[in-house]
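Note that subunit A is present in both complexes that follow, paired respectively with subunit B and with subunit C.
For the complex of A and B:
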């Protein structure tokens, strides 16, 4: 094993190996960070989507993309009644409330949506709420009245009545400077949505969250279900690395041991292994995986199992066999037999270590191929049903025609991470190849 | 000069290792199953090796010397006959006893670099046989590894323990191979052309080393060689092999001075020995090719190349062993 360590020590002399190693270490570090900060259960919960994400915009692009483009598109603004200067006027059998929700808006674009979330803690009779929109230039618009249930979403953006009155979709119309002709312009300044409410129970309470949805969000943006893509991009790292590593280790180790056993025992053992390999090589992997995924399960563990099972009797067996055949005849093996080493010891301690240095580069470059395989399966819609992965993000992007709609970030960020992973392992693998293979020639 | 060894040989304990009618045939198959014949690499070999003696097996390339060595080590299953170690046939041993037998026999191969796993350091190489034979205590293994290195004059041992084979010279590599053969404290060492791949300058050194270790520990040494000229100094007895058989055996000086079998005579003549005693023997190299081991000639295997062939006998009947001089056996009809 010492030459192995010696070789690994020489990595320092190859800048590309160091870059590759740095990328891999960064990915591993991020993966650990992710798993610690967003535990598995929470990640699944988040990725299931739904109400958790109701205050996130739909298809917002990453904030930094906008920053680079210099567009100053709006971020999401949430104004809560908890921070508002509420005025209360009790009367017998109820009270009168005035909740002003104020915010400053000075962006180079209109919001993507406008929603008001009302909560009411009444026992029997719903309160009544009237909404008034006040623009920075002092115009007031009556947005109508509501009798909110305990939890109510007031979709201002989808108020057709209002849209007809404004002549534009509400989240544009409400923020536009007055003037009918030409494209609408954003009117900067302080906006206010005033809620005038009457409750018919003395201790009833009303809460309100006004959400002015932005067009940019965080580092990764959001998808069509308002989910923050960061969750999937981050969780994709441990999933991809684990899948790639387990698959690569699983196939390499079993393939190696089987090839060595075939070479060592020869005869029918070898013949059976060779025939199995030949049959397996012509079986197409992807269609089988698609079949398993469609008919049985798309669980990542099932896929991993099938990938390893199909990978065992792979072309690698032929390669390892060719490398091991001359080793089987080498005098040091004969010497080991002459002092009584058993079959298992000869296979594991004398034959396999001999070709291990050559396999390390292959092994390292094998990892990303499994990462890509997992992503391809997800892209084909055969991703794990619950796990957030890069492939799933790309699959969503594809079904939602992300590129057609110009949501490049949706496709590019998982793709970039995949490429980064491939690059890291490839750079390390190729450098290792250069380290270990010239040595092999002199061995 | 080699009196102590002779004493031991004469002891009543009986032979250390014997071959009885030993045959090792390699089956030749076509398309994996059709038998088309056998290579008779070892074809009826008999001998006894006494404790503490050094014997040499000589013969031309392909006559089955290595096959014989491997059969003695149990690396090939004999087709017929048996190898007997300290009175017990190997075929009768169970697997634990067979393993114990392997600890009693050391093996030194021809190519020292090939004989050492390139990915192990000398320490590991020397520990391996001990691990295989259940020496669990690391300190004890280390101790024995150091002793073995001192034994083969690789000192200070600590310097060599952490070296890898490719960092050693050919001679040093062969010393490590010998140390590995010694580390299980064998009674017998089988060395298959131990110096033929080494630089001429270190050959004698290695042979002397083997010889002195053999004497010191009273080991039995069986070495295979091509080189008749050095045999005199390193062996007490010589076995001459031809086409899978032993055709002549005697004490070293007896055999070299009075070769009886025409094949031995030809062999000796072929090496231009400056010794005037040998110079008067026939000079011709054995004419013709070594015989096919697949279809050995009828009668004496040497008869197609023999210049003293007796027609009607040598080409018909297999010669038994004759004893033309005391203690000097040869399988040749000339001495009927």
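For the complex of A and C:
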């Protein structure tokens, strides 16, 4: 153990190792933070998508990209009737309501969508709601009437009749300055959507949420299902680290123990191990993983198990064998035998620790390989069905032709995180290689 | 020692003995590798059939298709339900016998193995080759040249570039160039497809000068020269992606080899004798390091074979990887097994060539101590 600690102390002399270590620590810190703030169950629930994300825009860029480009594209504005000055006029058997939903809009672009979510707490008879759109320059547009069910989504953007009347998509036409020719321009100022409602029950209430969907969202943007990519980017960290670490530990430790056992027992044990290794080298890892993913399950834990199972008799056995063969003959092993140490004790306590220092750099550089393997599988559509991972985000981006549509952030942010993880471990691993393999250091 | 004595007294006999040992060695390796491929392919068959569970799915499928056919056929409309059921039973029986599902899976798996080893890969279930053939063999053979062209080019480029750069760097050890190339080595942590995505983004979308994917323009240009030019344009990005992802790590590892071997005593001795540095490099550094270089080259080759699926998928390259991906999409088990068998064969051939090269390069194998 002494040389191990000695070597670890020497890391400080390698700036690249320190940078790598800093990256890894930052990733681990963020992973812990993520798992604490968004628990596992909640992450799965969020990533399943659906109604949770109805107030989020589709394919919105990260806000900071927009800041750098200096475009001032709109953020999402949610105007709720809870904050609106509602006027009520009761009459026999019902009441008349006026809900003005007001908001300021001064951005350098049009919103991406316009939806109104109505809730009504009537017992039997639906209320009647009339919608009027008021622009800053005083124009009034009738958006028609509705008889909302208990929960109703009014998709103003998909009102074809309105689109025909405006001559443009509603979320552009409603915000455009008057004038027919040329590209539409945003009219800045205070907009208002007025809901004139009549309820036919005295205690019925009406709630409304007007959502003016933006074109930018948060730090990571959103995907085609309105999901905030931040969830996947954050949860990708613990998943990637866990997968990489468990796979690396699982394969190196088992491989090492098996190689040591083969060397120690020799004879047919060694021969069987050698032949199994050769069979395993012939077996193509990725196609088999793909087959397992297609025919059995794409669960990340099944994949992990297969990766470890295929990695047990990996080519590393040959390398460890070459390193362990001379150790087997060394005097201290003979001494251990003389005092009566058992086979397991000799293998685990005397043989393996001797080559651990050589192994640590390999181990560290192996982690990103598995992280990328997980991403590769996800990119092929064999990602975990429920867990949000970086690879799955990239796969979504690819199936939605993100590059073609110009949603670069969708590909670049998971790729950048993958690269960061890879670089962190690789930099540390390469530095450790120079520390623990003295033959390189003396040069 | 005996080998050298023998060679001095009777060169012809020594050569013959070398040849005999080499052929015995080759035969042994070939037998071992064949056995290895056999086991590997058999495992693949077991996995692809889920240990026989796929058969049950197939039985259900046959039952329902035949029942559907008989019910939809006007010729059988006036049969009584009992007669119709008997007819369905008979047809199912025929189909089961045709696919030999009535035999136990173990018996059939041995047959599958025998067929796979003979490269008789059977017929696909849904896919067909570009010429319309349903034989898995033809589907695969049609795709093989595309894969070999792309990966062969990339591997050779990486191999020669990195050996020459590494040699140059080991001569200029510690220079700014050396240190910056070594600092770039961790970039190889990312696989080729990863850089491929960036290259596509950059050169196909931001600055659209190169095609984002595919192998030739659509429609393929007339004339060999135009065709080759189009092919070259399409190959540029994937080859660059593979080049970037492997070049620095290869330079790093080969530079290490060269550095270790150029500090050996015999090299120092040659230097002390005043031999020109070119000669030292060629005769005293390159020759002893040849077998590790070839090993890592072959290992890289094997690694790229398996990484091909995703790179081809990203670049939409019509090679074996894309084929496998499509087969997965269609759940076409014969094609999946066939592709894996081809992969296994290619790997086995690589390993075998490696062994032969070792035997030629390493005198210990020839004298029978290796």
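Methods note: the second predicted complex is superposed on the first by the 438 of 443 C-alpha atoms of A that agree within 3 Å, B and C clash if a C-alpha of one lies under 4 Å from a C-alpha of the other, contacts with A are read in each partner's own complex, and residues count from 1 in each chain.
Note that in this section contacts are C-beta pairs under 8 Å (C-beta built on N, C-alpha and C of every residue); 3 or more make two chains touch, one makes a residue touch a chain.
The structure displayed is predicted, hence computed values, not measured ones.
Annotation: superposed three-chain arrangement on subunit A; subunit B versus subunit C shows no clash, the two fitting side by side.
Using the contact criterion defined above for the overlaid structures, shared-chain residue A:70 touches neither subunit B nor subunit C, since it reaches no partner.
The larger set of touched subunit A residues comes from C, when the choice is between subunit B and subunit C. After overlaying the two complexes on the shared chain, residue contacts for A:339 are found with subunit B alone; subunit C is out of touch.
Residue contacts after overlaying the shared chain place A:41 against neither subunit B nor subunit C. Look at A:350: by the touch rule set out above, it reaches subunit B but stays clear of subunit C. Of the two partner chains placed around the shared chain by superposition, subunit C is the only one that A:315 touches, whereas subunit B remains out of contact. With both structures placed on the common chain, the touch criterion links A:138 to neither subunit B nor subunit C.
In the superposed model, A:365 lies in contact with subunit C only, and not with subunit B.
After overlaying the two complexes on the shared chain, residue contacts for A:285 are found with subunit C alone; subunit B is out of touch. Once both structures are fitted on chain A, no C-alpha atom of subunit B lies closer than 10 Å to one of subunit C. For the contact definition in use here, the residues of subunit A common to its subunit B contact set and its subunit C contact set are 443. In the complex of the two chains, the subunit B residues touching subunit A come out as 70, 73, 75, 98-99, 102-103, 105, 107, 109-111, 114-119, 121, 128-129, 132-133, 164, 166, 177, 180, 184. Looking at the complex, you find that subunit A touches subunit C at residues 16, 20, 275, 278-279, 281-288, 290-292, 294-296, 315, 365, 368-369, 372, 375-376, 379-380, 394, 403-404, 406, 408, 411-412, 415, 418-419, 422-423, 425-427, 429-430, 439-440, 443.
Against subunit B, the residues of subunit A that register as touching in their complex are 1-4, 330-332, 334-342, 345, 349-350, 353-354, 356-357, 442-443.
Contacts from subunit C toward subunit A in the complex involve residues 32-33, 35-37, 39-40, 43-44, 47-48, 50, 54, 173, 183, 185-191, 193-194, 197-198, 200-201, 204-205, 212, 252, 256, 259-260, 263, 299, 302, 305-307, 309-310, 313-314, 324-325, 328, 331, 336, 339-340, 343-344, 347-348, 351.
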